[in-house]
Amino acid sequence: MKVPVSDYLQQVLGECLADEGSVCDVIPELARVDPDQLAVAMCVADGTMYTAGDADSRFTIQSISKPFTYALALADRGERALLERVGVEPSGDPFNEISLEAGTGRPDNPMINVGAITTYTLVGDGDLGAQERFERVHAGLSAFAGRDLAVDEAVFASEMSTAHRNLALAHLVRSHDIITCDPHEAVTGYVRQCALLVGVRDLAVMAMTLAGHGRNPVTGVQVVPEPVCRLVLSVMATSGMYDAAGDWMTQVGIPAKSGIAGGILGALPGQVGLGTFSPRLDRFGSSSRGVQIFERLSTDMGMHLMSSPLPGVAAVSESGVLERDGEQWFQTVVQGPIRFVSGEVVLRALSRIEPGPMPVVIDVARVASVDDVGRRMLQEGVRRLKLDGHRVLLIDPREVLADPGADATTDATTGEASTGVGALP
Amino acid sequence: MKVPVSDYLQQVLGECLADEGSVCDVIPELARVDPDQLAVAMCVADGTMYTAGDADSRFTIQSISKPFTYALALADRGERALLERVGVEPSGDPFNEISLEAGTGRPDNPMINVGAITTYTLVGDGDLGAQERFERVHAGLSAFAGRDLAVDEAVFASEMSTAHRNLALAHLVRSHDIITCDPHEAVTGYVRQCALLVGVRDLAVMAMTLAGHGRNPVTGVQVVPEPVCRLVLSVMATSGMYDAAGDWMTQVGIPAKSGIAGGILGALPGQVGLGTFSPRLDRFGSSSRGVQIFERLSTDMGMHLMSSPLPGVAAVSESGVLERDGEQWFQTVVQGPIRFVSGEVVLRALSRIEPGPMPVVIDVARVASVDDVGRRMLQEGVRRLKLDGHRVLLIDPREVLADPGADATTDATTGEASTGVGALP
Amino acid sequence: MKVPVSDYLQQVLGECLADEGSVCDVIPELARVDPDQLAVAMCVADGTMYTAGDADSRFTIQSISKPFTYALALADRGERALLERVGVEPSGDPFNEISLEAGTGRPDNPMINVGAITTYTLVGDGDLGAQERFERVHAGLSAFAGRDLAVDEAVFASEMSTAHRNLALAHLVRSHDIITCDPHEAVTGYVRQCALLVGVRDLAVMAMTLAGHGRNPVTGVQVVPEPVCRLVLSVMATSGMYDAAGDWMTQVGIPAKSGIAGGILGALPGQVGLGTFSPRLDRFGSSSRGVQIFERLSTDMGMHLMSSPLPGVAAVSESGVLERDGEQWFQTVVQGPIRFVSGEVVLRALSRIEPGPMPVVIDVARVASVDDVGRRMLQEGVRRLKLDGHRVLLIDPREVLADPGADATTDATTGEASTGVGALP
Amino acid sequence: MKVPVSDYLQQVLGECLADEGSVCDVIPELARVDPDQLAVAMCVADGTMYTAGDADSRFTIQSISKPFTYALALADRGERALLERVGVEPSGDPFNEISLEAGTGRPDNPMINVGAITTYTLVGDGDLGAQERFERVHAGLSAFAGRDLAVDEAVFASEMSTAHRNLALAHLVRSHDIITCDPHEAVTGYVRQCALLVGVRDLAVMAMTLAGHGRNPVTGVQVVPEPVCRLVLSVMATSGMYDAAGDWMTQVGIPAKSGIAGGILGALPGQVGLGTFSPRLDRFGSSSRGVQIFERLSTDMGMHLMSSPLPGVAAVSESGVLERDGEQWFQTVVQGPIRFVSGEVVLRALSRIEPGPMPVVIDVARVASVDDVGRRMLQEGVRRLKLDGHRVLLIDPREVLADPGADATTDATTGEASTGVGALP
């Protein structure tokens, strides 16, 4: 059988017919595009890609570049340094509006132009030259996409010729010492960043990288650390789709970002990366059919931040006293990803074990991933069981419970436990 | 061993020391509370409750009632009818600000007072009397909490004596025909709703009911339908914590609502319900230590909307050709909750089966829950396998793949498959 | 010959044809008026009245009452007490908007409804009963008009039935303790004030009373002190015509106030009082043809605050050394109103007199009025001339230079001088 | 005797002691000024100048140049063309705020920086080069001052080095096509305009030129037409003193403009021009002691737009039937400036003449000035008297009633009348 996801995506494209609005005419070069193009791509956690429509079309990334430059700046300078220069509050304003915090002149968020121009100047060290900074941005966005992205020089030149407003914004933040470099250099670099050429597959991979804790699901490269992704996704959720944060959150519920060339990128944490392309724009400046596709995916496929399955007791697939050859032990088989919620289920299962000498076997061989909390919780469970007098045997062939970066021999608790693997009767 | 969650909560309480601000003095009766009280409660999906601190303290629910009245109105009138009267956009304003949409006079969202008063009048049929409407609200909030909530008559009387601003707001929406009943009746009912007495356990259960698809995890009562919860949680995420939507989303990332009596409620979809209580308020009117507790829970325990574990391939615990007594079949064991992302993993495993007569066994006995999308995906997989010539046998003892509400005999595909359970060699 | 002013007004009415907009339909009773009525009245400083059109029509005064209630409150409580409760800044908002100063809740100005309701409660002593307060307002507005104004009970009842917004505003300022009485009492009184019946002649007299230093030009009653008028006219100039202060100032330049029943009142300080009536309203809620009439009067007749004639040297009609019967004296004949600018001209003429014994005659018999500054300046001139050795003789039959309220015999300087009248050779 | 005006100004300086605030430190060069300087100058209609304090100090004109550049642009392009590019509404914002009309991008008014930069580009023809445009502005402002103003090159260079915000504003209006030249060229010219060196005497002369219908009272040059002055003064009245239009109007009532170098200019139409200088600025960016001086002048000397003297019957100094040698005639002696209000008084005096053959003598020899309305009114009076059968003799030696620009012989009515001068018995 064939996985029906692409068929489904094809069906969605066929049903998103209302192509109102018109192609962006602010930038002359963008107005020359074929307005009927339509494409969607979906990338899942292991890098598998599904597409439908004109998936080979190339278009300039435009504002969709903003969350990625923000991610790079966060990775390079840290959250505190960024927050001093760029806020995280929705502005309730269109993308090119002037939303600076009273007094400080700090842009409201990195998703509006003035915030994105500021963010651009915060990628890399402060003393980078203009050329070096763009190369850092270019390399970073390429790492998110998993391939070297080219610049559309015609679009770049076209945008620079009408960049009055962006120049105004850059001078404005320069006047508040929010940026410290030459405003024209900042705008040139930012406009060049916006002129990077992508397709919907690139958008889906870039989105899945954000949704997948910063690791590119295709190349395996850790582009930015996980906490950076959490912050970027949060900002996309409240400020990504301009002046309708509540509407997008209720109707779609996928952290997203659109660009005036017609692309939209969506990243559902831990689940999928999405990219759409259709050049005609609605009155908010977002791809008209792209928005419809996202609404369909959210409604039909339950892709919504607020649609989380209940874990039930599924984290513990087996739990109870086993006996072999007259010897009894308590066995718990853990499955699925372990984080707080599922960790609590596991600990609750372990709490039913009466104190005493009965050996306890905890089988985490099927556990796909463990986050810090889950690891600490299971380690604490092991510690407490030992205090109760139990011998604890961890079946952890992939060492998911070993502290990352810790030398195995330095952690007595899990170290001892791990050595027990295979030693059961 | 003892589950260490309560110990952890106790530890968090002990570390949230900075109790700045002061008790609400706007309402005389509230100013008489013991300001040093501190409590936290956590309710998980199956209703298990953990608490620390003064968990038996009672306080008035105040604004924390807003999302629940909104849920009741949505359930009674439908999303469209509500959207005509109350928006879903963050107002960027304090809780008692006047944020009406220009032209229509529609309150920005149901979390600010003017939106909450309007929402109160939309619970139940339009022709309910004042007494009947309050009874409907009272019964609804009690169902969320799982017990009959009492009204603090002293606080109710105290708030009514200083309700000038709420009366102003009610007259205002009355002037726009947003509410159609007597403004004083609306305010009286709303203030009475705010005077319902709760404890942190109540908040945790109410939150888990929202986070758990509308079903009270303790009583098992389905209080409101699942889609209502998605909408309510979305609005809480963008508008619940007043004028710092971006800050709360980035730093905490838990849909939440605070009340001026010192309570905060947080609901992480599919995961936990949280309630805190500490009467001193910060400058935004939210419990000062309550906010700290939420920040700690988010940071330390990965409780953040944007922190989702990667499913990896965990949805399929076993997959491959088995052989017994010379007969071969393909067996797939599915586990965990099945939704789009995990459904795609299952379908991908099934897609590796070569067309032909080989029987396929799909074991969903360990699957805890399946949403509509997951169900349709697995049904489609079964259908395609049959088209490829396979005989498909579903091991589905709890009938998680049966269409809910559909008569089993009317669904030939899964009906046939299900009958095959146990018939394998 | 007949004074052609009424002919001119008739001609203006005939040329203001574009009667766009429609009659106010917010208040049911107002919608029943004949929409084609058109009238204008002009009252000059001595009470002479010119009218054209339907000058006998009666209509409710509505918002035109606001500056007069403000004047009464200023007279009763003083400028400082008023400023604590109501500001003087334009709000840039429509007439029924909620424009309260952040923090204090103080209405922006007394010309918007919330400021006018507040102002109503500040007329008379703070302990006036509801009935007494309205009587004070009623008597005060009647004094401005010079006749007892009746209340249109039908319009009053009609407005009260739809007074939701005004009730909202009153509750709002009550919540900030800006008003201290019952909000419903304040709104009832204010709406009753708005229902007073007037005609264009009344408006013209009321306006000329403001423009004429607070003295009714027909009855001669000093309704409020002069400084109150200066403040009221200032507020009308910046806030009287709602959200287009700059447009009205540049295009018309007459302090004015409009009412939704179709009246407009304009007061050009020291010059004229104007009243117009035409029920159809433009999009700002001001009489459509009334605005045109004001534009015509301003443009055609130079009635604009910024169109002041240059005084030239006209203040001194004669100045020089005269000789009779071998005796020489210096004679200065002063004319026109004497204030700073003309006073300076007089002093300059006097400064040309060489020190010495030559008598100086200052003839102010033709001087119509002298303000405090002008009086002090001429008194100082007399004092200095005496110091120079001159005998000074004032010809001041109407005693315009005598200190008002001062006993003539107590002022040695002018007293001595005045006695010289008629004693010259 | 000596005219005591300078003594009075000296006294005012001595009483404005509260010199709070500090010298502008935004522009490095301005921070080097002696902060204790204090000066005031007053220029009256005929160019007479009074000063007190450091009247010889020079300082850069800064924002005080704005109304004059606006006047020049109005004279060069016309009111309609200016209104398309720059509004006339107060912005309620500080001087360097970004207040553009939604949609059009039109600056709110020419007194905020973005409006002033735009206005600068509208002086002269659209095709002027950068150097030519500045020369036109320089020549124009010098004509207002009556002497060639020099540029402070050090301040100019200092301001250009920190002109980021002005550059931002210029790029912004360039992006809306409100300005069409290079933004850097516009800012350079504007900053150079702001660096023109003036003293308080210059300010007083410039102000009196505006207040005196556009004619420089010292040089006699008509710098701009009268209607331009009315518009400029109107805009100064509502937008000149930034975000407190109502406060300034009520407390001072003099159209004014301040500059950050410490100057304030005030122009009371038809009366006086004022200039003050004191470098320490209040929180609004206006000279702290300068504001106090203006408040004193307004309060003490009745210099307030809303303080107009009542004309009374002073326009007609004599009126009645005279008889000489058995011949009777009606004689009316008119005095003071004749505009609508005084014209009406004259016409009313003439209306008392019974129709018939009695000759009428109208003596306007003492009339200082007549505006268009006054002229037309008196001409109409003459025409009506003739229709009544009178012979009319005008005593008009300075031909104030002759149509300006009209050949005397082409106007039959007044022509005939004028010939009668001196022909009376």
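Letters A, B, C and D mark the chains as written, and numbering starts fresh at 1 in each.
What we mean here is this: contacts are C-beta pairs under 8 Å (C-beta built on N, C-alpha and C of every residue); 3 or more make two chains touch, one makes a residue touch a chain.
The structure displayed is predicted, hence computed values, not measured ones.
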Chains touching both subunit A and subunit D: none
Pair exhibiting more inter-chain C-beta contacts, A-B or B-C: A-B
Chain centre separation (subunit A, subunit C; CA means) in Å: 67
Centre-of-Cα separation between subunit B and subunit A, whole angstrom: 23
Subunit B-subunit C separation of Cα centroids, rounded to whole Å: 62
Multi-partner residues of subunit C (each touching 2 or more other chains): none
Chain contact graph, described as a line, ring, star, complete graph or other shape: ring
Every chain pair in contact, whichever chains are involved: A-B, A-D, B-C, C-D
Residue ranges of subunit D touching subunit C (in the complex, touch as defined): 1-5, 44-46, 48, 87-90, 92, 109, 211-213, 229-231, 233-235, 237-239, 244-247, 249-250, 253, 255, 268-272, 300-314, 317, 335-341, 344-345, 347-348, 350-351, 353, 355, 366-369, 371-373, 377, 380-381, 384-385, 387-388
Interfacial residue positions of subunit D with respect to subunit A in the complex: 98, 162, 164-165, 167-172, 174-175, 183
